[in-house]
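Shared chain: chain A. Partners: chain B in the first complex, chain C in the second.
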Partner chain A sequence: MTVKTHKTKPPRKRRGGFGSKQEQRFAYLMLLPALALVLIFRVIPLIWGFFLSLTNVDTLGNGDWVGFANYARAANDPTFQDSLINTVILLATLPIWVMLPMLLAILIHQGVPGGKFYRAVYFFPAVLSSVIIGAIFSVVLRYDGSLNNMLGAVGIDAIDWLGSSSNALGSLIAVQLWSTFGMGVLIFMSGLATVPDDIIEAARIDGAGFWQRLFLVIVPSLRPIIEFVAVVTTIGVLTSMFGLIYVLTGGGPGTSTTLPEFLIWLEQGKLNRPGYAAAISMILFVMMGGIAWMQVRIMSRNTNL
Partner chain B sequence: MAELALQDVRKSFGAVDVIKGVDLEIKDGEFTVFVGPSGCGKSTLLRMIAGLEEVTSGDIMIDAEVVTDEEPFDREIAMVFQSYALYPHMTVAENMAFALRLQGMSKPERRKVVEQAAEVLKITPLLDRRPAQLSGGQRQRVAIGRAIVREPKVFLFDEPLSNLDAELRVQMRIEIARLHGELKSTMIYVTHDQTEAMTMADRIVVLRDGLVEQVGAPTDLYDDPDNMFVAGFIGSPKMNFLSVAATGPRQVSLGGLSLDLPQLKNDLNVGTEYALGVRPEHLFGGEGPGLTMQIEVVEQLGQTAYVHGRLGAEAQPVVVELRDQRPKTGQTIEITFDLSRATLFDAQEQRVR
Partner chain C sequence: MKTKPFLLAATAIGLVGAAAQAQELTVWDWKSGDPVTADYYDSAKAAFEAANPGATVKFVVQPHDQYYTLLGTALSSGKGPDVILLHGGAQAQTRADALLPLTAMADGFSGAEGFTANGEVIALPLTIQGFAVYYNRALYEAAGLDPNKAPSNFAELSTACEAIAAKGEVPCFALGNSQGFGGEFFISQIATSTFDDADYTAWAAGELAWTDPKVRAIADQWAAAAEAGWFYEGANSIAKFMDEYEMFMRGDAAHTVGLLSDVAHWKQFEEFHGEGGVGVFAYPNSDAELARLPFAGGIGWAASNQSAHPELALSLVEILADAERQAIFAVDTGALPANLAVDTSGLSSPALAEALALMAAAPGGMPHSILAPSVLEEWKRQSQLLLNGETDVDAAIEAMEVARNAN
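The block that comes next holds the complex of A and B.
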């Protein structure tokens, strides 16, 4: 048998994606606004901030190129060092931030009476602004505040929750935890809903008691959720505690509740050192970038779970 | 290896009665299949035996010991779920050894038991993989392996093949039957597929609306059903039910044709309507009286063909099995009745013997 070969035009290679050229052009057009927003509010400020961090400009715009002097200064700045130590202390409490909502979510999921009520109550603080939360707790936690009154009623001496450098950071962390753990509960609840009943029943048949089912089956199944909550919480506490610090402690006493985020505002807004503030911002950005990278790695590792 | 007995077992969800009193005895080493349409309570009954569903009243006994209120594990049963229910974060070996690990068996010992079971199920190369990396058939093998290593008294299967494709289902059906032959354990298998029930069971329990309709060997149910439900549910294509009127104590008329049923032990009420049950394979090639049928649809399977059409002047719908023939739509064929195999049902859908 002979095969006749015809000369044909090679099939035109299709460009990536689907749809006609016109459709593709339209798609790019629709993406443009979002792209513009990211560029204007994220990318350009970032680049601008980086150049700013290499100068010693003031808010009036006068200043010189100083190279990496701001970074060198940050390395030797005791306030910045304190803020980093405070950050480390804050991050050390991470297990509580993750375990508490997980435990509560599991209890609600197990069908504790009034579970829906608890869920709503736990979530409620998440809709309050940090300024309102700060205002509430400055009343509750001040030396002659309601918490100390309550303690006094049961014979415990008043504690200076916000005014002593040994308690202030702990109080701050506790307030932030109170105001945000409801979100964690919700995330864990939705995660628990994805653990099939069959698996838990199989574990019962295999002889696992309540605690074994919890720690050998349910919690490992929640691992991706645990890691997600850990990462989201970490980023949250590093970038969204400003309002609370501002209202509750102002970063004090001393530097005991100063976090890098608050310090940036201090340097920029109060001390008129935008260049230095930009340098600290860049350091914080790199820290956050590292965490985001970890997040991406963790999530891709969990894809086959 | 164990006997199992259910004594007037009932289950209600609130005001809804799901299981309405089931008495059943399952012998040691028997392969019993619970079959019935969806919603008949067969899975609920299995879950009650497993201890996953509370029993409202009645007793469940394994080896003459009442286990009604025992935890699932203490009943020494193992269960294979439709969804496989493998632990996603554990490897295949860890999945299979989970129960042994909880019992405190040492790691090397566990590995040995798991490897033996894996050998039987031909899943040895999969032992270090995770469930997500396995196909449906492989997962179901692992789930069966997890049951085997426990050496349970009773194996429970809850529609284990429903999530598999047709070819794999046939293959796994044979393997489960072979496994039963090797292990000789008591097995209870739930399915809505009467073919699975017919091919695998030592005994079939047909359930409807939370009640047992009939219990018996597959061929008993096929040849000698107690009622119209069982007669219609067992067998594919379904048994034909033709409405007939009694014209004598052992005679009915169908489309002007008189059919004698000498096998009946009881007299019929003359003038009363009955349903005559004839299986598709008993409507052709017999020696009995005949009627003409116009062919409407032909399902040609090669060796056999299922022919759908309407029978006689009353145009009652029937299915006829033809062997080694090539019928065409629109043709008229002669139907003959093999009345020795026919069954008769009264208005209450009960068998008239």
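The block that comes next holds the complex of A and C.
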């Protein structure tokens, strides 16, 4: 018995088709500008920053190779240690940063009266620069500011919102939260649009109340969005609070509002120690790299949901 | 064939253009954007361009709060300006390696020691800078004090503050310390009355410990004044520039520690309280009999050694700091000129007369300006904590020693 075999022809290569060397070259050519930008503005400065962190050069370029002395210095620097503690406190408030916009987005999605108005109002601070927000809140929160005047009018003693170590970081976090939560609301609203209405309706018909629908149907459906907002918010608060700190507290009182990014500016811009600033930058980069790695893992896991 | 003459002409124009561009000096400062200083800069530009035909000068105003960050970046890249305005003390001295020596041009200037590094004068002072305590005579009178008798020692200042506190309307001192400037000024207010030449040398070298009684007095007297309620409550959330001074100008505090510099507080305060409405004295140290007035070279002009035209840069510095230009600057801004050849009779006012008399009778230095920047930064932090009562003097001194030894 002979078996007829069909000699299959290899697929004819289309002229300029996907995978041809010519097309690959073209693809690389198209990628080149983006790769060059990443290389020039990200990779090379990163490598340069690492080597800078191994020196004690000043801003005039005078200095010597000191190895890992700047990293040892950071390990023993009380100001840097305080900035890390402040970072941990900041990260501990993460549930608020996630839960508040989520709850507001759910309320708007559930059709509270004036929902569209609130959506616009919540988002408005996100278009303001941190310096402008800082200037506004320095008038509101200073000891003789409008908030204390308002409290005084109802018989409550003035509170030193920005000038006391026990209040300053909390005030700063509250202002940053106010200025950024609108973006979280928008992200959650996009996520809510993907929750099928028929599931919510089915739960309602089955007798689930508002809170049961919220915690047993809506929140589990939003899990990928919650994780995404958590990671993006974490990166945001660690790298974008400089303007607020600069305008509102200058890192004080003491070191109570000093975060690593502010300390980097202080060491480079005011204390003329770019090598040490570069070492702190590298440590912050490693911290951020760890969070970015978490983000990639979360995102890739959620692609299967 | 017609292209050849065209190319030659273009090349010639290019060369001429390049030569013209090469003759342009760039000056960095934070003053030339102020309309009050326009006549000073116009006069300097005209004099320089008349003295150096073909050369031009471009003044580039930079934001004051970012000035040294921007300057450091420019100098490290070798693209710094030709002529630079600098503050005296550590800000000028730490950049000495980037500046041309000006010792041969420095005769006849007051405050040049604040612009001296490694035995060379590195900038010509434009103004003198000092700190004086300004007081509101009307509030003194309201508190039952003699408005024409300024406190001359610590006991008299204590009496004045007690009387003002008893009146209960305003704090004794307006204070803004949100960026630590109140604490920074206090270093010079206290130490200037007790430091001798050896102390200044050791202090500048970082060899004078904060445990030394003369230095510890800074923290002791700061904490004591805070505990006694002399300062405005909530000072750590108030900016010294300008909230503290606005508070004093509104009459919401009896005293403020203000400047005698390119910022002429005597002039500003008299505009609000009237001529004669403001008195001046030197802050007394409780450990010293004589209260000295801290002052030194305020701001000054330096020439960069990165300049492609060092001779022109030196010529411009000389013109910017000469007596004719400084007289214009002094009259227009109220600043005290550093050039001794300037006639200051046009600056007469009761408050200024008191300040000038103190400068002559009890001159002191400016210890804060020669302190290492990282140690100064730590003192700003500690001053905030002391003000809040969140640390004590012993802990603050310990933190200062850690900062001094780490520097």
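Operating definition for what follows: the second predicted complex is superposed on the first by the 284 of 305 C-alpha atoms of A that agree within 3 Å, B and C clash if a C-alpha of one lies under 4 Å from a C-alpha of the other, contacts with A are read in each partner's own complex, and residues count from 1 in each chain.
Convention: contacts are C-beta pairs under 8 Å (C-beta built on N, C-alpha and C of every residue); 3 or more make two chains touch, one makes a residue touch a chain.
Not measured: the values here are computed from a predicted model.
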{"item": "Room on chain A for both chain B and chain C (clash or fit)", "value": "fit"}
{"item": "Partner chain(s) touched by A:93 [first = chain B, second = chain C, both, neither]", "value": "neither"}
{"item": "Touched partner set for A:220, first chain B, second chain C, both or neither", "value": "first"}
{"item": "Which of chain B and chain C A:196 touches, first, second, both or neither", "value": "first"}
{"item": "Greater residue coverage of chain A in the superposed arrangement, chain B or chain C", "value": "C"}
{"item": "Vertex chain A; arms to chain B and chain C (CA centroids, nearest 10 degrees)", "value": "150"}
{"item": "Which of chain B and chain C A:56 touches, first, second, both or neither", "value": "neither"}
{"item": "Touched partner set for A:207, first chain B, second chain C, both or neither", "value": "first"}
{"item": "Closest approach of chain C to chain B (Cα atoms, Å)", "value": "49"}
{"item": "Chain A - residues contacting chain B, complex", "value": "196, 198-199, 201-208, 212, 216-217, 220-221, 223, 304-305"}
{"item": "Chain A-facing residues of chain B, complex", "value": "50-52, 71-73, 77-79, 81, 83-90, 98-99, 102-103, 130, 132-133, 146, 150"}
{"item": "Chain A residues within the chain C interface of the complex", "value": "58-62, 73, 77-79, 141-145, 158, 160-165, 249-250, 252-255, 265-266, 268-274"}
{"item": "Residues of chain C touching chain A in the complex", "value": "66, 68-69, 72-73, 75-76, 94-95, 97-98, 178-180, 233-238, 243, 373-374, 377-378, 380-382, 384-385, 387-388, 390-391, 399, 402, 406"}
